[in-house]
Amino acid sequence: MSSRVRELQETVCALHAELVRNNLVAWTAGNVSGRVPGEDLFVIKPSGVSYDDLTPESIVVCDLDGNLVEGDHAPSSDTAAHAYVYRAMPHVGGVVHTHSTYASAWAARGEAIPCVLTAMADEFGGEIPVGPFALIGGDDIGKGIVATLEGHRSPAVLMQNHGVFTIGASAKAAVKAAVMCEDVARTVHVSRQLGTPLPIAQADIDSLYDRYQNVYGQRSSR
Amino acid sequence: MSSRVRELQETVCALHAELVRNNLVAWTAGNVSGRVPGEDLFVIKPSGVSYDDLTPESIVVCDLDGNLVEGDHAPSSDTAAHAYVYRAMPHVGGVVHTHSTYASAWAARGEAIPCVLTAMADEFGGEIPVGPFALIGGDDIGKGIVATLEGHRSPAVLMQNHGVFTIGASAKAAVKAAVMCEDVARTVHVSRQLGTPLPIAQADIDSLYDRYQNVYGQRSSR
Amino acid sequence: MSSRVRELQETVCALHAELVRNNLVAWTAGNVSGRVPGEDLFVIKPSGVSYDDLTPESIVVCDLDGNLVEGDHAPSSDTAAHAYVYRAMPHVGGVVHTHSTYASAWAARGEAIPCVLTAMADEFGGEIPVGPFALIGGDDIGKGIVATLEGHRSPAVLMQNHGVFTIGASAKAAVKAAVMCEDVARTVHVSRQLGTPLPIAQADIDSLYDRYQNVYGQRSSR
Amino acid sequence: MSSRVRELQETVCALHAELVRNNLVAWTAGNVSGRVPGEDLFVIKPSGVSYDDLTPESIVVCDLDGNLVEGDHAPSSDTAAHAYVYRAMPHVGGVVHTHSTYASAWAARGEAIPCVLTAMADEFGGEIPVGPFALIGGDDIGKGIVATLEGHRSPAVLMQNHGVFTIGASAKAAVKAAVMCEDVARTVHVSRQLGTPLPIAQADIDSLYDRYQNVYGQRSSR
């Protein structure tokens, strides 16, 4: 196993702890994967393993068809969806899946989250869209993710009656998108409970998105 | 005391910490029990003891009529309900009881939780049903649990105006069901606050349930 | 200072950590007091001190008129209310005050929490009542607490537009009542969000209350 | 770098941990700044740095135009707003910005939080007002904060579709205001979900505010 794979296993293992710390997952639900740079491989959470028991060694290695290449455990039951995204979207370096409460609540109604917060304009560039209902076990979930995200700036998609998938240039960026998705899903939900949030003009959304993608943060750490 | 009982006391003691960690219990409310394999005994939380003060030794041993067989403390006031379940359902190896917030909120309205999330179809195979109002102190609660669960795939039952009981092949499986029950009770509640969640077709629920029960997780760790 | 006072300061200091752990308080809000057995004294949180900085020595000693008897800090700004309760209710050994979210939300509407959960019947013996709006700085809050609680089984009172006061035979019992009050305030709130919780018959409430007060828990630890 | 600056960096670094502990921030959102006593400088969080990675050294020093004076990182993207407040309000020693959930939910509707809790009267002296929608990147946010707060007792302003800014005599006081703002935003939200909170008479609000600002807490620690 290359040192590049080992390093990614450590990163992806540590990022799963962020899902727990940010209250995005219950029991063994949820998973993070990361593409191995320069190889047709990605690493992903093993299926049904407790977050407490995850170690870098337990993070399994798969090829882009989702077949297990190395590891002592079966890969996550969502592996086919991750694999489909890596095949279809070469710029994606990380994928995250959760059933986080507020995002999944919007998903259960099949309703996109409207962009009524400047933080949403920054991170998602508009609404967070809804993808189709799809059964696990083939490429349907992956296809639904890709078909939905290709038409949007958003790195997050709400899969109907299911949960959230997020993408990013790295596994860490995809985890950030999952954290921010739940954060804005909750705030917009709470706001809607007592009335109608005020819209943000499209030109302002465009301006905020452009600035955040190009100016925010430390140049060296993006 | 056999080493089998001692081992189960350790497991059941540790599982109570999962109730706390997953915010399912307040103060001393809630309890986990586990059937002693091959014997007509089960172990259960002592009554009114703080979660911080639980030790494996403090977990009491009862016979299947709920009588104290070994232990320095009185058994949980819910012992009769656990005992009834073990007598009536030989395949059950663990029982959990909580007043977790969202599940109890559905229970207070006497309303089943509709199956509008794929994670619910996976784990519960349909709605989470409601059992009757029953007073503590006899077999009424136990009878209500068994009568309700016998007609459902669900390992969880919402006892009206009371809280949740869950069952499983092991105490750990019953704890998992309690964690997942509160998780879906919360997500469906939140979804319903702003509209009507979309239904999932019965054939899809059946397909998801069948797959999850038979495919998910590591073969060795089920 | 007697060893009895020192011991109570340690107990009351530790119980403040329970307010934090159970998410009942923000910043320096909230306070616990305990009556010194056999003396016309009680100990209480100092005013405006961070929960992190509380030590047994910082817990101040007051007489039953609320005057500082020993301590390097000013007593809690709610001391007059605690003192009034100790003067008027000789059986009370502990008092707790919080602005916990859900209880304070009922209090802001001036609405009692209806008894629709068996855990409420157990602990509160019926609804949790509302006391009058009263300004800080004299005996008005204390009078409102006592006038309301004297007519109820409940050890908790929602003071209108303000928060919760709870009483108990000991400071620990009052903290338990504060924890359970917020727990049932939240569950009944959540239940009411989607409809009307089912009532519990008065005879059943009476039966549950009687049993819980006389049977539950370890005989030695009550 | 003066010891006065170093000490303030340590204080401001530690105060960021309070934002995390009080669940006011997600990922890298949110920031605290503090004015350097006697100098035309303030210290503030670097942009896009994880809360786990903040150290006193990483807290950057800016002049009152928001230009970086010392530090290895770019200052927070909200630095211009902080700088504007320090220029316009000489009595302000600390500024905090968060997107805390409940406060931001009121902000998204452009709705002030009504003063229906005695704790709000104490801390905010009335409603928490709403400031205008403003884009990041110039003085618009700073101007909106100052124009709104100058007409109110409240140390907190809800910036429309954005989040909260709070001010204080010190960075710690501004953090306290941010914590209390979210606390009352949540309680009033929850109360409003099931009806209309009772109003508090203006004379009572005035009385509570006056007392709290002048009597509460330890004289030495204000």
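Every chain is named by a letter (A, B, C and D) in the order it is written, and numbering of its residues begins at 1.
Rule of thumb we're sticking to: contacts are C-beta pairs under 8 Å (C-beta built on N, C-alpha and C of every residue); 3 or more make two chains touch, one makes a residue touch a chain.
Treat the numbers as computed from the prediction; the structure is a model and nothing was measured.
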Type of chain A:chain D copy interface by residue overlap (half), same or different: different
Whole-Å gap between the CA centroids of chain B and chain D: 44
Centroid spacing, where centroids are CA-atom means, of chain B and chain C in whole angstrom: 31
For chain C, residues contacting two or more additional chains: 193
Chain-level touch network, classified as line, ring, star, complete or other: ring
Residue ranges of chain C touching chain D (in the complex, touch as defined): 26-29, 46-49, 73-74, 77, 99, 101-102, 104-106, 108-111, 133, 135-137, 160-163, 189, 192-193
Touch list for chain C against partner chain B, complex: 22, 116-119, 176, 179-180, 183, 186-188, 190-191, 193-198, 200, 204, 207-208, 211, 215-219, 221-222
